[in-house]
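One chain, subunit A, links the two complexes that follow: it is found with subunit B in the first and with subunit C in the second.
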Partner chain A sequence: MRSITKVCTAAVAVLALSVTAAACGSDSGGAGQESGGKTTITFWDNNGGVRTPIYQELIKRFEAANPTIKVEYVGIPIASVQQKYDTAIAGGATPDVGGVTTSYLANLTGQQALEPADDWLAKSPVNGRLLDSMLASVKATTPDGKLYMAPATSNLDVVWYQKDKLSAAGVEAPKTWDEFFTAVGKLTKAPDQYGWTIRGGAGSIFQLLAEAYAYSGVPEFFDASGKSTVNDPKNVELVGKIAALYKKDTPEADVTNDFPKMVAQFTSGKVAMMHHNLGSYNDHVKAFGADKIDAFPMPVGATGKRTIVANPVDGFAVFKNSEHKEAAWKFVEFLLSKESNSYWNQQTGQIPANKDAQGDAWLNERPYLKNAVSVLADPQTAVVSPPYYLPQFSSITKADTEPLFQKVLLGQMKPQEFLDTMAQKLTEAQAEWKQAHS
Partner chain B sequence: MATETIARRPERVRVQAAPGRRPRRDAGRVLRLYVPLALYLIFTLVPFYWMIVFALRPTGSTAPVPWPITFEHFATVWNDIGYATFFVNSAIVGALTLLFTSVIALMGGYALARFRFRGRTLFMVALLCTQFIPGAMMLIPLFSIFRGLGLINSLWSLVIADTVFGLPLSIILMSGFVAAVPFQVEEAAMVDGCTRTRAFFAVVLPQLRPGLIAVGSFAFIHAWNNFLFALMFISRQDNFTIPVGLSYTIGEYSADFGALAAGGVVAAVPVVCVFAVIQRYLVHGISAGAVKG
Partner chain C sequence: MASTGTAVAGGRPRALRWAPYLLISPTVLLIAVFLVYPIGSVLYYSLQHYNLTKPWANGFAGLANFREMLFEDPLFWTSLGFTAKWVVAEIGLQLVLGLALALIVNESFIGRGLARAMVFSPWAVSGVLTTGIWILLYNPTTGIVRYLGAPEAAVLGNPDTVFGALVLTELWRGVPFFAILLLAGLQGIPGELYEAAAVDGAGRTRRFLHVTLPHLRDAIVLATLLRSVWEFNNVDLIYTLTGGGPAQVTTTLPLYVAQRAIDSKDFGYGSALTTAGFVILLFCSLLYLRLSRFGADHKG
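So, the complex of A and B:
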């Protein structure tokens, strides 16, 4: 009884002390501060965790080269980055520099949170050194055609495969879709091994569209009249063929596969080939070793023309609320320099935006990456740009249609009906957007 | 007050098996009781088993048992991802939330149980209604308030938000516990010369132990697991908590399942320990508070 009384008295005392401490020692938020002649800028990494050590190294180099600027790193988990930015914008506590991708750039510019980069780039040493295709991709995302994000890297959809599994089955990396479907059949030895895995859960639509356009060779997302090409007969044909692989040449669990589950299946060795992008390179190397895996670009369809769907471009943006824009741009400039951009992309296994970095030796030592760069640089490659600028694009390709693709896999919906539904939604969204920006 | 009741348990009559015969097992009882329990236990524990397997086996291994054992994933989460810091932050937030919630819920619960005042029912309904508001909806208003108070990037923002969100349910639960203690015992203490405060500490509080444990453990676990507030109110790497650290293991294009599982084990240990210590109070606590609330 006495002990409880003592505990309660102590608790009340701690409570009182704590509240006092809170009032006195609260920590202020907000952007950069100046202390001791140093300017502090805040940098939010939009894919915190895996990339944290890479940025820590680059920040160390930057601070050594710029002793008057201190960079405060904050890693934001990728799954919540949009919500974090939205909350920060609404609360007026944005960082100075943030990692941003074209997939949600329109959302940020719609809230007028970002500073245009055009003037900075015109005067910057990296002007003319960034890939034109990436710059164009960023500019196409916003209605005013300004550059709100400096591109740093891009990606390409590829098919990862285990070399030994293909060798054992006497299969070579497929170049065409016909070869691909034959290879999948040969590689399947169910239930011990499957030739392919389908992303049936979260994020399924982007991958499916990348496969469909590569198969059909349709070069645009919308035709001249603004009608979506998603339900092109060849696209429908491909979706039907992919759905036919389900459970026969793929694990049954694929219907709920999101990206982590799909990669887990592949790295467990049970699946011989998997469609993803260059970004998962490190996971595969960790699981198999660099010499055991390789990747080939999306196979070529009946048209004979290689067609790829452009992946989101990743880069850096300076926020309008920043009180230290000069220091912020300096940091962005440093990150996009040949050395930094090369180092970053070497670590992540992606395509550098800096043209000079693309000539570095490490890139040529990785055949899959060299191949990817040459595919992107090939003038014969048709690049289909998804309409990231549509505010509804994310909801259409996720919440609205992912469950429908699952129905297709389960045989509850025809591919034609599925793609017609998506096409109608995209066409309507495009018409709305055109009307709003005409 | 000093009356004592001795409850006698009915004596069990043991039936001795005849000499030379093994006692027969009640097959029906095994089927009814142990089989469902065993199935439920397997259902509950298999995910934990897989978490431990992933945490302890090397990357790339597909073995169903964690052999050979490796601790590299624990080293990754503790050193590289920053769990050493996140763990301390989570412990501070959890402990302070537990403390504040318990103390305030105790006071609020006592007031609701013992005093009849105008608007009491309305207040109870209002407390219940707050449970229907999701935390995400309050995010931006809370963010603005904390920013105005200079609490953004401070662990205090998490302690306050977690306490505020946990309080309504805690107060309702606690009022049930207080109501279960007959007022007559408090009156008897006051007749013996205690003040109301003294009577509360001497007579009521010792009987509220299960309630305090139930409310405190809920508050701690809620604060320990809260991801949304931890990510939104904090924008400083050194002030993040365990749930944010856990989400670092799933990147945009890569997922480190070993680190995710090891992080899950580290995050689960304090919660499991809390439950191990309090479980005997908890069951009684929840039922007592709920039924008489």
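So, the complex of A and C:
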């Protein structure tokens, strides 16, 4: 019996440890191998799933043009991609090349995981063909100003809507926030139809900030003294107005809805309008058909000046640990060429980084996309740049504050307190970063 | 005879002296790789500032992580409180329901084999699959709540209903474990004891209290202990159903570890939290084993 006690104690120790095991992700990755004179490079897609077929096609084309290089595709779900990169870096098993966005680029360069692409780009045929604004946005993310990621696409916050729902309610696509709130009220016939949906789960804060700055028209993320403007009174006002819509003009489930659940709710037809970005175009087309949906940019606030929050730029990075950096860059270069970049963005419905692709017919045939490109190109548009260079930015706007926004929706926290907390964290992170890099 | 023994021992070939160590070495190696090293590395990191988002501040932290945890982090205490509430509710209900089911399927009746299979089947379903099923059941648009007179009610999004919904899901999965272990215990009780008790005039209740329960003691202690540790460390079910939300009301300590270590990339602090969980579990388990005198000789 005593031995049973001992076995039991040991079992308890092992089980107690499973808390550690649960907190650790698995890592997978691979270095390139030479097989039969072929160089194999591993490519991680940072948004595996809907985009997988696009890359399968592009890889097929690339391998046909470069018979000595084989690309091994690994699709990583967007929700776990940062964690996968972090564990791969810690374990020394990074891919040769991977999809990266500026929202976590600083985190990767902070760990010295990426190879700068400046020299490669200077000698490349795509040099001079990539949009300067996107290149600048990438370079602004890292303290040394180098290009650790070659930009491929960018995005814009838009409000998707079902055309027939709006016309049935006699509502035009809103241009100002006043029109927007009126439209939401008119479109709601609870519990069968809701005018709006709030993203309350994962990814909520970025969308909320895009709404808040569009409403307030505050042009900078930090003021001259380095203080965050997130808790500007007008931003607080907007958060209060949005929270007031919860459960009245939106489904109750919104409080925990992440991107897939939010889109599922919209595509089920119950919700008339939904804030996301250009990237979810394919989901809507699949659900409703291309002629049934449209999108408008974020409404304009009381200042009358259109203000947008710059979306992360998405692109490709070559990893420092790669044994086949040249082959990896060759693949990046191929993905950025006019044909590939145009194909990729046509499939995803986003804005191509390659200037030559921007004149393509498919882009001009989609009014919402043409509109988005012109909003971005309009010198009157004020662009607020979030501090993607802060390695903490991602955790502040996700793990630290997402639960607080849920509290606001549930009436357990005031919008002022919520934004004050976020502002304080951002101001501190900004000061710490400045000190570390001075 | 004694001299013969000495001669054999003295003349044992050198290689043989190492044989016992050689034989236990695989076990020692496994323990070292899978227990000593992970525990040691968690302890090591709990004394470090190790935050991927602040690489410039990494380094030895002393007890700073523990100080922050105990005195400056209200979420540590709320998550610990929720964990305790979760473990107590789950273990209490699982024990009562599991015992009831075990007693029922221990009786002989037509279709007992089928009934036993039904009782145990949820245990065979994987955790993530279980939550997949229950997410569909709780879905406001397509799930079962539509028929309960509450259209569009988000059971998992409402702080008032989310705990009950989680408990129900975990009960569905956890009760069979108790039922299996207790049924095995029930079948080890000699039938003569019941006959003797019946002869002495004991009714059903007295037979249960004085024969069944004392014989089940070890099985109950073991089952509640194992399940307590499992429920304390339960991550898959709560993570997939609610992610600890809404507004952190269902965040258990292990989920909080995952949030701090993986989402916020603060592995130093996450390790300190893990260490706290480890110590709490170890202490509670040893205390429980001592108090219940598990494995001690006792009269039935």
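Some notes on this structure:
In this section, the second predicted complex is superposed on the first by the 408 of 438 C-alpha atoms of A that agree within 3 Å, B and C clash if a C-alpha of one lies under 4 Å from a C-alpha of the other, contacts with A are read in each partner's own complex, and residues count from 1 in each chain.
Everything below uses one rule, namely that a contact is a pair of C-beta atoms (placed from the backbone, for glycine too) under 8 Å apart; a residue touches a chain by one contact, two chains touch by 3 or more.
These numbers come from a predicted model, not from an experiment.
Within the superposed three-chain model, A:P260 lies in touch with subunit B and out of touch with subunit C [touch as defined at top].
Contacts of A:W44 after superposition on the shared chain: subunit B is touched, whereas subunit C is not. In the overlay built on the shared chain, the residue A:G92 is in contact with subunit B alone; subunit C does not reach it. By the touch criterion stated above, A:S268 is placed in contact with subunit B and with subunit C alike. Contacts of A:A202 after superposition on the shared chain: subunit C is touched, whereas subunit B is not. In the superposition on chain A, A:A287 contacts subunit B only, with no contact to subunit C. Shared-chain residue A:G75: touches subunit B; no touch with subunit C.
With both structures placed on the common chain, the touch criterion links A:Y55 to neither subunit B nor subunit C.
Looking at the shared chain after the overlay, A:P251 reaches subunit C, while subunit B stays out of its contact range. Common to the subunit B and subunit C interfaces on subunit A are residues 1, 4-5, 8, 11-12, 14-15, 18, 22, 83, 268, 270. Residue ranges on subunit C touching subunit A, taken from their complex, read 35, 38-39, 42, 52-57, 139-141, 151-154, 156-159, 222, 225-226, 229-230, 232-233, 235, 242-248, 253-254, 257-266, 270, 274, 277-278, 281-282, 285-286, 289, 294-297.
Residues 59-60, 62, 80-81, 96, 99-100, 102-103, 139-140, 143-144, 147, 149-154, 156, 201-202, 205-206, 209, 231-232, 235-237, 239, 244, 247-257 of subunit B touch subunit A in their complex. Residue ranges of subunit A in contact with subunit B, taken from their complex: 1, 4-5, 8, 11-12, 14-15, 18, 22, 26-30, 42, 44, 47-53, 72-80, 83-84, 87-88, 90-93, 95, 155, 259-260, 263-264, 267-270, 276-280, 282-283, 286-288.
The touching residues of subunit A, counted against subunit C in their complex, run 1-2, 4-5, 8-9, 11-23, 25, 83, 86, 107, 110-111, 190-191, 200-202, 251-256, 265, 268, 270, 391-392, 394-395, 398-400, 403-404, 406-407, 409-410, 412, 432, 436.
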